[in-house]
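Common to both upcoming complexes is chain A, partnered first by chain B, then by chain C.
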Partner chain A sequence: MYAEYIIKRFFYSFLAFFISISITFSILHLMPGDYIHYLAPYLAEVNPEASELFRHQFGLDKPIIEQYFIYIYNVFHGNWGYSFQYRVPVLKIISEKLYWTLIILLPSTFLSIVIGIFMGAHFGWRSGTKKDLSVLNVMIFIRAIPSYWWAIMLILVFGFYFNLFPLGGFISISALELGINYLDVLHHAILPIFTLTLCSIPGIYYLMRNSMLLTVGEDYIITARAKGLEERNVLRKHALKNAMLPMITMITLECAHMITGSIFIETIFSWPGLGLLTFNAILARDLFLLQGIFLICTLIIIIANFIADLSYLYIDPRIKVGESA
Partner chain B sequence: MKIKFLLGEKKKKMKQSAAFGIIAVLVSAMLLASLPAASAKLYGDANGDGIINMQDVTYVKLIIFGKKSANDYADTNQDGKINVGDVIQIKLIILEKVPFGRVVIPIGAFSKGTGSVFMKGNILNIGRAPTASIAYEGLVTKTRGGGYDGWLAESWEVSGDAKVWTFHLVKNAKWHDGEPFTSEDVIFTHDYLKSKKLWLSSVLSRVDHIECPDDYTAVFYMKTSYPVFTDSLSHTPGIAIIPKHLWKSIDDPENYVDEEFIGTGPFKLVNKIPEQYVKLEANGNYHGDKPQVREVVFKVITSKDSQILALKSGEVDVVNDISPVIADSLEGTKDIEVYPLPDTKGYEVGFNIKNYPSNIKAFRKAMAHAIDREKICNIVFGGYARPTYTTFLMPSVAHDFVDQDTPKYDYDLAETKRLLKSAEFSDTDGDGILEGPDGKDVTITIPVGGTAAAASGIDNKIAAILKNDWKELGIEVTIKQVDTQQWKKEVHKNPVFIVGMPYLMHDDPDDLAQFGSKAFFEKANWYDYDNPEYDKLIKEERSTADREERKEIGYKMQEILANDVPTVPICSADTMIAYRSDRFVGWEDIYPLYWDADMKILMEIKSAAIR
Partner chain C sequence: MLRKKTFAIGICILVAFSIIAIFSPLLTPYDPYKIIETPLEKPNKNHVLGTNALGQDIFSRLIYGTRATLLIGFIGALVSISIGTFVGTVSGYYGGKIDEFITRAIDIIMTIPMFPLLLVLSIFLTPNMLGISVLMGILGWAGFSRIIRSQVLSLSEYNFIYSVRAMGARDPYIMAKHILPNILPLVVVKFVFAAQNYMLMGVGLGFLGLGDPSMIDWGQMINCAYTNGGFALGMWWWLLPPGLSIAFLSIAVSLVGYSFEDEINPRLRRMVS
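Let's look at the complex of A and B:
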């Protein structure tokens, strides 16, 4: 039964992947303009040869259907092409950027999930108290202000006025002579991590608090209380476990979103991550790089969903395999 | 039960301590990591007064004699020892015999300009190579006066029919790895670009072949007459000469990542940290005047706001292309100077000749009188711009190529109203909106987001002013924000658009070819302007070598344009630059080709610490 379910899930995931890369391909090829127009706009306008040479070089002058099949063939053979801008294989550049993105996003995602769930559960359980309402308002305040404003303010206060942290980048200039010092990288990473954590706590907190509010009203909680169980145990053993269920999808998606990076934070902190890379690739019409980035994102999100689906099997015994259909 | 309770209590405490733990780790990490920020090191400033002068010589001598304690900055030649070598070094610095100081220049992550070439594969991969690379050179470089300075070419001459260009090369140039530069490299660059079919070779498409009578002469034979060949060679994108001895073994330049960037330029690459820093140092073997700065570091700082903060805190020494608002706010800040680089960009209102209502010539002429240039200069450019009235070519850079006698379209709303009325544009149904000769309301959509005008939303602001002013005339304007590449499609669908281009596109009659009927990709130009008589003049201009004759042809072209009005000039605007006057001086002494600190500027500046 499980095997059948897993195979079915796997098949659907593959189908989703195939459809989404086809859509990605079409959309990217429908975009007006090309790399040469970005790089040398005036030359490209007046000298048709530049663009022709360029299109020929990268096979962009072939019929679109042919390009599509070449693309599909290459994707499944691990040949994702070279970036126009950087002249390196797409996968190499993505993995390099992913590394920098994860340095700030891994800690901040972890911290925000832990803190968000803890606070959401805590105040959801004690909803309506003064503490709960003040925390709720603070969270609304944090959420209402865009992340780049927080980033700029934190840089201004802690970086510029107090001079505690660097204004941006991932390494000090002395690294040119001394090489990369990881303590130095950490020093540069703290403000971006803090900003990211601060800005993603409210989302998780909301969901957890709401989930907890719904759970608190359930009959089994009343039953548990009526049995004379301690509040702490009711919370931990009965409420928390059930309230956590909607969080599973949230957490897997949060983790999947890690790899798309954070464009605002990366721009303001000059952090060379994936968000910035994507934005740049769109501006520059760096076609193969864009295809690669979207492919990776699709893949990760599909895998994350697949894992979430599977984990529900174990976490929520109410989900009966195959019977819903 | 009791045991269970105690256990619970313990767990609660554990939870609390875990929370405290997380906070403590965060706080301690913050404290631990808040290392002191590295300040700019001034090797040679032994007594630490921020100035390098004879007192430092005395100070180093005292250190050598053991009268003063040693410090890092006394080790001027950075060999790890403080001895008589440092004394000599300081004296050489004071006499300006050796390059000195490290200039730090911020570059954006999306920069295509100076310094960014080192982040992007290899030298053939970027559009502005020679000047913006600072490590490579072309044959010639363009000057502000409209002439050319020799670079790898000492002198050059052109045959009467502009079909043979002879370049006499410098004899003492060396590649950064010590190999001599010869005419072989010039031929190789041409052949390589063409044999590999690189897009850059389109710059040389009119070159038939090159001959080299000797090691220091390169003769370019053109397929057709090409009077503006030096213009194409020198900029946007321009051709950088590459070393034959290294590139001949590179088969796949499209996918080649250069680690060394060996050129002939005044600076050579030392090392880089990807996506963060690039460090270059002065090339001691440079064939021309030697640079006065010892090191150039490019630092990636993505947002302009962060660049300004870095300038204020002293992390970087210059920020280019700042907005008028920021320029004004920096005015009067200690140790920061702001100056305008005059007339770097030209702006126009373009009309698409095919779309209603701008397909009516009288309408275009009427609207040419409805552009309040003074207002645009003051509001959009904060006063850092001047109105222009001549057609397309900018007087400040094209000089006598500009025909001053073409009809001018002053700001005169009464005249606009008169012209509109005589062209049968009037509000017939009394709804406050003009109806055209066909009885339909005149509504105009202006697409914004294209060309150089899109930078910091300038075209959007200009369009907003037009919208406001034209409303009084009874014309409804909608502003449509699009992506740069989308914009090129939108101009063909709408009657009015805003164009902004760098001054290099406004300085020669050849630039007027942009109004040729098949100027863009054998396709229509933005204006959909199509005039056989004009096309004939373009051909004529392109096959004429004599400057005076070209000027005359250019005058004829401008006359036609002024009469047909596919475009109305608005103004020429400045680029604002802020720099730290306590670190380097000389920024304002030279006009660069590009306005991000390019090779010309970096050759000019010197440390402010030398007295």
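Let's look at the complex of A and C:
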């Protein structure tokens, strides 16, 4: 029965992936304006041959339907096309940039989930106290201010006035002679990590707190208390596990969103990751690179959803197999 | 008690911002588009916040920027909440094959990375401000319609819906007259948060340099100050005011949103107040 459920989910994920990349393919190919036009606005009029050659090189002169089938075929064979700007395979650039994005994303995702869940559980359990309300207000405040503004303020205060951290980039200029030093990279990564963490804590905290509020009112908590269990045990053994359930979907969504959410942070900190790559690719109208970026984002979202579906199977036995989650 | 107070404060700030937006021509000392003074003037008697790199009065531009931000938030939220409510209600009310189809479609739509797509569309299509807000609304309704669907799903099992149906009422009538009023509080809360989200996103687009260049908005002001060296020169009066304005406005909107959410969710309210 489980196997059937897993196969079904897998099939749906695959179908979703296929339809999703088809939609992004259509949108990107229907957009007016192209790379060559952006690079040299009047080239097509002055030198139509060069423009033709470019279109021929990248297969853009073929009918759109043919391009679509070539694209789909290539995607499943690991060939995601070549970037116009960098003239190297898209997959290579993306994997290189993904590495840098993960350097700031992994710590900040981990930290914000841990801190968010801890604070949400702690204050949700003691809701209504003065401390709880003031923390709630602080969180509302943090969440209301956009991430790019936090980033600018942090650079201004810690980078510019106190001179504690660099204003941007990922390594110092000395790396040209000395090579990449990990401490140096860490020094550059601290502010972006801090900003990303700060901006994602409130969302997780708020959901966890609400989930806890709902759990506290459940009958089994009253039963546990009536049995004479210690308050700490009621929280740990009865409330926490159940309140954590809705967090799984939240966390997977959060992982998916952080990749796109890092566009602002990476642009402001000039961090050479996927977010900055996306922004530059959009500005340059680098069609195949954009396709690749959408592809990797979609893939990550779908894998995250798939993992969430599977983990519910083990964590929450109440979920009926075969029902859509 | 506390929540009522924060609600009132939030509403007051919002009203103040709206008045500024509506009467901006009367409140600004100078034409925000006109080059009137030497560039990069420090704050002085004539120019409260000095002038920018082009010699335009920063204070006047700040006042005018309120319009764009409020409009983007309002229109974006209106579009996405309307679509989301409609799709969610239809899906949850009819159930069966229609519901299955819509749910699957939303699952697929949710896998498309929306923010990069918004950036792509706003750079390729170069829409004006209205276009940007509608675009944001169109891209952002999916998650909201899921929430509405689950509400409507449980609502349509209530006895009063059955009895109205037994009396021979048509489906569109039931949805409009009996389902909608019951989900309205939730819709309003989501509208407030969506408006906040789209305001921040609109300013963010401006900040990335993808806004409507014919409009004055705070995002483009921050971008202009940031890229023209307002930052490195330490000209805080150029960089800070637009950012603080959007932060202040956003906090006001969330005060309204959270107080309202507590109000309609009795379980949360009992714990909080």
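Quick note on the criterion: the second predicted complex is superposed on the first by the 307 of 325 C-alpha atoms of A that agree within 3 Å, B and C clash if a C-alpha of one lies under 4 Å from a C-alpha of the other, contacts with A are read in each partner's own complex, and residues count from 1 in each chain.
The rule is simple: a residue touches a chain if its C-beta (ideal position, glycine included) is under 8 Å from a C-beta of that chain, and two chains touch if they have at least 3 such contacts.
In this text the structure is predicted, and so the values were computed from the model without any measurement.
In the superposition on chain A, contact of A:Phe160 is made with both chain B and chain C.
Looking at the shared chain after the overlay, A:Ile19 reaches chain C, while chain B stays out of its contact range.
Contacts of A:Pro32 after superposition on the shared chain: both chain B and chain C are touched.
Contact with neither chain B nor chain C is seen for A:Ser134 once the two complexes are overlaid on the shared chain. Legend: residue contacts after superposition of the two complexes on their common chain; A:Leu183 is shown touching chain B, with no touch to chain C.
Legend: residue contacts after superposition of the two complexes on their common chain; A:Leu283 is shown touching both chain B and chain C. When the shared chain is aligned, chain C comes close enough to touch A:Gly217, but chain B does not. Residue contacts after overlaying the shared chain place A:Ser95 against neither chain B nor chain C.
When the shared chain is aligned, chain C comes close enough to touch A:Ala144, but chain B does not. Partner contacting the larger number of chain A residues, of chain B and chain C: B.
Residues common to the contacts of chain A with chain B and with chain C across the two structures: 31-33, 152, 156, 160, 267, 283, 285. Interface residues of chain A, counted against chain B in their complex, comprise 31-34, 36-43, 45-51, 53-54, 56-57, 82, 85-88, 96, 100, 111, 114, 118, 152, 155-156, 159-160, 163-176, 180, 183-184, 186-187, 190, 230, 232-233, 266-270, 272, 276, 280, 283-285. Chain B meets chain A in the complex at residues 5, 8, 12, 19, 22, 29-30, 32-35, 37-38, 104, 109-110, 112, 119-122, 125-128, 197-203, 205, 236-237, 254-257, 270-271, 273-277, 279, 297, 299-303, 305-306, 309-310, 312-313, 315, 451, 483-486, 488-489, 501, 505, 513-514, 519-522. Chain A makes touch with chain C in their complex at residues 12, 15-17, 19-20, 23-24, 27-28, 31-33, 127-128, 133, 136, 140-141, 143-146, 148-149, 152-153, 156, 160, 210, 213-214, 216-217, 256, 259-261, 263-264, 267, 278-279, 282-283, 285, 290, 293-294, 297-298, 301-302, 305, 324.
Those residues of chain C that touch chain A in the shared complex are 2, 103-104, 107-108, 110-117, 119-121, 123-125, 196, 200, 203-204, 207-208, 222, 226, 231-232, 234, 239, 243, 246-247, 250-251, 253-255, 258, 267-268, 271-273.
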